[in-house]
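Here it is, the structure in full.
Chains here go by letter, A, B, C and D, matching the order in which they are written, and residues are numbered from 1 within each.
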Amino acid sequence: MKQAISLEDAIALIPDGASVMVGGFMGVGAPRRLIRALAAAGRKNLTLITNDTAIPGEGPGPLISGGCVARLITSHIGKNPEAQAQMLSGQIEVELVPQGTLVERIRAAGVGLGGVLTQTGLGTLVEDGKQVVKIDGQRWLLETPIQADFALIRARRCDYVGNLEYTLTAHNFNPIMAMAGATVIAEPDEIVPLGVIPPDAVKTPGLLVDHVLRRAC
Amino acid sequence: MKQAISLEDAIALIPDGASVMVGGFMGVGAPRRLIRALAAAGRKNLTLITNDTAIPGEGPGPLISGGCVARLITSHIGKNPEAQAQMLSGQIEVELVPQGTLVERIRAAGVGLGGVLTQTGLGTLVEDGKQVVKIDGQRWLLETPIQADFALIRARRCDYVGNLEYTLTAHNFNPIMAMAGATVIAEPDEIVPLGVIPPDAVKTPGLLVDHVLRRAC
Amino acid sequence: MDAKELIARRVAQEIPAGAIVNLGIGLPSMVANYLPVDLGVFFQAENGVIGLGARPPEGMEDINLTDAGGGFVSAVPGAAAIDSAMSFGLIRGRHLDITVLGGMQVDARGRLANWMVPGQMVAGMGGAMDLVVGAKQVIVAMAHANKGVSKIVPDCTLPITAPRRVSLIVTELAVIRPEDDGLHLIETAPGVTVDDVRAATEADLIVTGDVPEMRM
Amino acid sequence: MDAKELIARRVAQEIPAGAIVNLGIGLPSMVANYLPVDLGVFFQAENGVIGLGARPPEGMEDINLTDAGGGFVSAVPGAAAIDSAMSFGLIRGRHLDITVLGGMQVDARGRLANWMVPGQMVAGMGGAMDLVVGAKQVIVAMAHANKGVSKIVPDCTLPITAPRRVSLIVTELAVIRPEDDGLHLIETAPGVTVDDVRAATEADLIVTGDVPEMRM
């Protein structure tokens, strides 16, 4: 059983320099309250792992705008001119990762695999500097696991065990990142009593979740 | 949209010598009707891929009892004396695979990965004859993907798009095998109209399912 | 009919009944407008929905149901919501029939470049590399030229998205099919001649017999 | 108290509040009987349930809710049903606190063998290899000897389950902790002397000072 914690207490867990995974796709399904509070707290030197940087102000946008991010692992920054500018100026070191590879690298860390063997990226710039493994004569690109100190997870509903439900296109990276953060903080829209979420509807078992963010009001 | 097919028509799709994945764990969540009809049809020389051989008569038991299986890829045969006897007599060639490795190998085939890099099996008999990949100085066992000509999938509910729902411990290998069969045949307890299964409850999207078995009566 | 509509309409002809189709953001997403509703095509958006439907009426949008560009959409009966691991598992595992993508360049070997211009525009590849590697068919829907410069080139000068040969290129001037021996011009747009296409194309085109006009 | 109950009760003492615990089939599954209900422990069964509860009353069983041995169980409030990829993802990704497994042999290096006897009994490893590799703590709960032959041996003669050193061995005679320098005898069963344990154990045991008796 988990006590829900305040936004203040949740943010206090995350120090400068931490690596932080943030769910969401173009801002949909992003943990907005945690992101905004983290940016408002002026955290610096974060490693941000997220599918995309959305547009300024949305999704992880406030962390970019706030100058909180030193390193960014993502598949797309094309809709966020601030992220592009900070990359070109060298303020943020950016690793661009194909989206399917990104989600599998995160999953690999979460489920204890040594890496991901994929065709995606072979024969492109993505291959540069990486190990290639030959299996039955075919070449496969070896992509390494990505884990993080923290995973910030947006969920539709949560119970006090920490079981999470997601909805529609707000699933995206959330269920996968919930496996790969050393400390997982869930930001549910709603917290419900034990037994309300049926076992078959649970997509992230509560044992993966360390902290549940208290409701906004 | 898919027309539900008869048990006879489903079985007619599967020839002698085919490789067949069968969901279930100790018989729970196994596609019983398909298994029994396949055994009754006297199929021979099948490659059977399944978590365990349950007890005789349960799960994939009838395929073992019926002498249908020439090759077996599984994690456990300890509760089925017939499977053990056929292995010791050489009638069935058995590849024993750690359960977590088995499910990841099937998933790898389903999602287009080149293999699985795992610690499980390293330093044991399971390592024999297999490729080991060094990543940052650490050894990882490379396990190859497993796909099959057919995957026989037990589901709780299905709609006419082929979307599948599962329940409780009848999930097990079913959602994973549904990604790795060249032809996927679903055996649902119930077929419901389009729109009855909410999008968030779908665990196997219908595009993975080729055929839906008509209800028993 | 403007160029974009022409391209979208022509791409729509390539999509068979019951296909599972991913449409990229922008021009490719227009293809959905030109398919018969009874064709039974399911649209997948890589952000996690299979069975994407039209934008709902004003006031009926759901902030948790969008396409990969973040635009509001609906879900058709029989839709499924999935996470990114399943979404890209479907793409990379060859479960998707067709992807329609925009392009910056396609070269004589049929290789697509569509994710970055070194030193200038660095968007990131998003799901494009996975889609080009994993979809059973890859259709490139794009303008034939950019500011007068042909986008169909002998050899990509931009970083490629994947070494795979794409299935088809549809522009406002032509339909081109990359094959082992090069780029085959298989159709011209209404009122456009083979010579017009050749003149607008930096790469060599292979022409066999009469080239039919697109049937719109 | 019989040997199995003693072992199960002693193992139960190792399980802290709120732990996520996998119990093997047979003797290990008895451990659940000796835990305070308010301890907040969640039991995981590798066939796909977290929050496994007691066998339901006759007539209230669900054929789709069993433990890994196929026996009927219930689900506690807050339980989750998961597929095998998630189940073993949790196990292999080090999300499980403790696994309690039976054993055929454990050797001086703390290596467990519990999945086959070459030429005779070939059960298969099921989930055992994954559990030994992946669980944060591995507790072996087993009889000290099999037909008078010690199961705690200098070097496993049976194929090992994993090269990992297990965390603890609990038998009806003793509690033994494998360390870098060998097997430490840390407790004896009620009424059992250190010499009794040594006599019943083929492997060397390290004894430091007085060895306390299990507190039951």
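Observations
Following the convention adopted for this analysis, contacts are C-beta pairs under 8 Å (C-beta built on N, C-alpha and C of every residue); 3 or more make two chains touch, one makes a residue touch a chain.
What you see is a predicted model; the values in this text were computed from it and never measured.
The chains in contact with subunit B as well as with subunit D are A.
With steps allowed only between chains in touch, the distance from subunit A over to subunit C comes to 1.
Chain centres here are means of the Cα atoms, and by that rule the chain farthest away from subunit B is C. Averaged Cα coordinates give subunit B a centre that lies 35 Å from the centre of subunit C. Once the centre of each chain is set as its mean CA position, subunit A and subunit B turn out to be 32 Å apart. The mean-CA centres of subunit C and subunit D are about 55 angstrom from one another, to the nearest whole unit. Looking at subunit C, one finds that residues 49, 75, 81-82, 85, 88-89, 92, 134 touch two or more other chains.
Residues of subunit B found to touch two or more other chains are 104, 107, 111-113, 118-119, 166-168, 199-200. If each chain is drawn as a node and touching chains are joined, the picture fits none of the line, ring, star or complete shapes. In summary, the structure contains touching chain pairs A-B, A-C, A-D, B-C, B-D.
Residues of subunit B that touch subunit C in their complex: 1, 107, 109-113, 159-161, 163, 179, 194-195, 199-200, 202, 205-208.
Interface residues of subunit B, counted against subunit D in their complex, comprise 25-29, 51-52, 54-55, 74-79, 84, 87-88, 94, 96, 98-101, 103-104, 107, 118-126, 156, 166-176, 203.
Taken in their complex, subunit C has these residues touching subunit B: 18, 20, 40, 42, 44, 49-51, 75, 77-82, 85-86, 88-90, 92-96, 134. By the touch rule above, subunit D contacts subunit B in their complex via residues 45-49, 62-66, 68-70, 75, 81-85, 88-89, 91-92, 121-130, 133-134, 159-163. Residues 104, 108, 111-119, 131, 133, 135-136, 138, 140, 142, 144, 165-168, 199-201 of subunit B are the ones touching subunit A in the complex.
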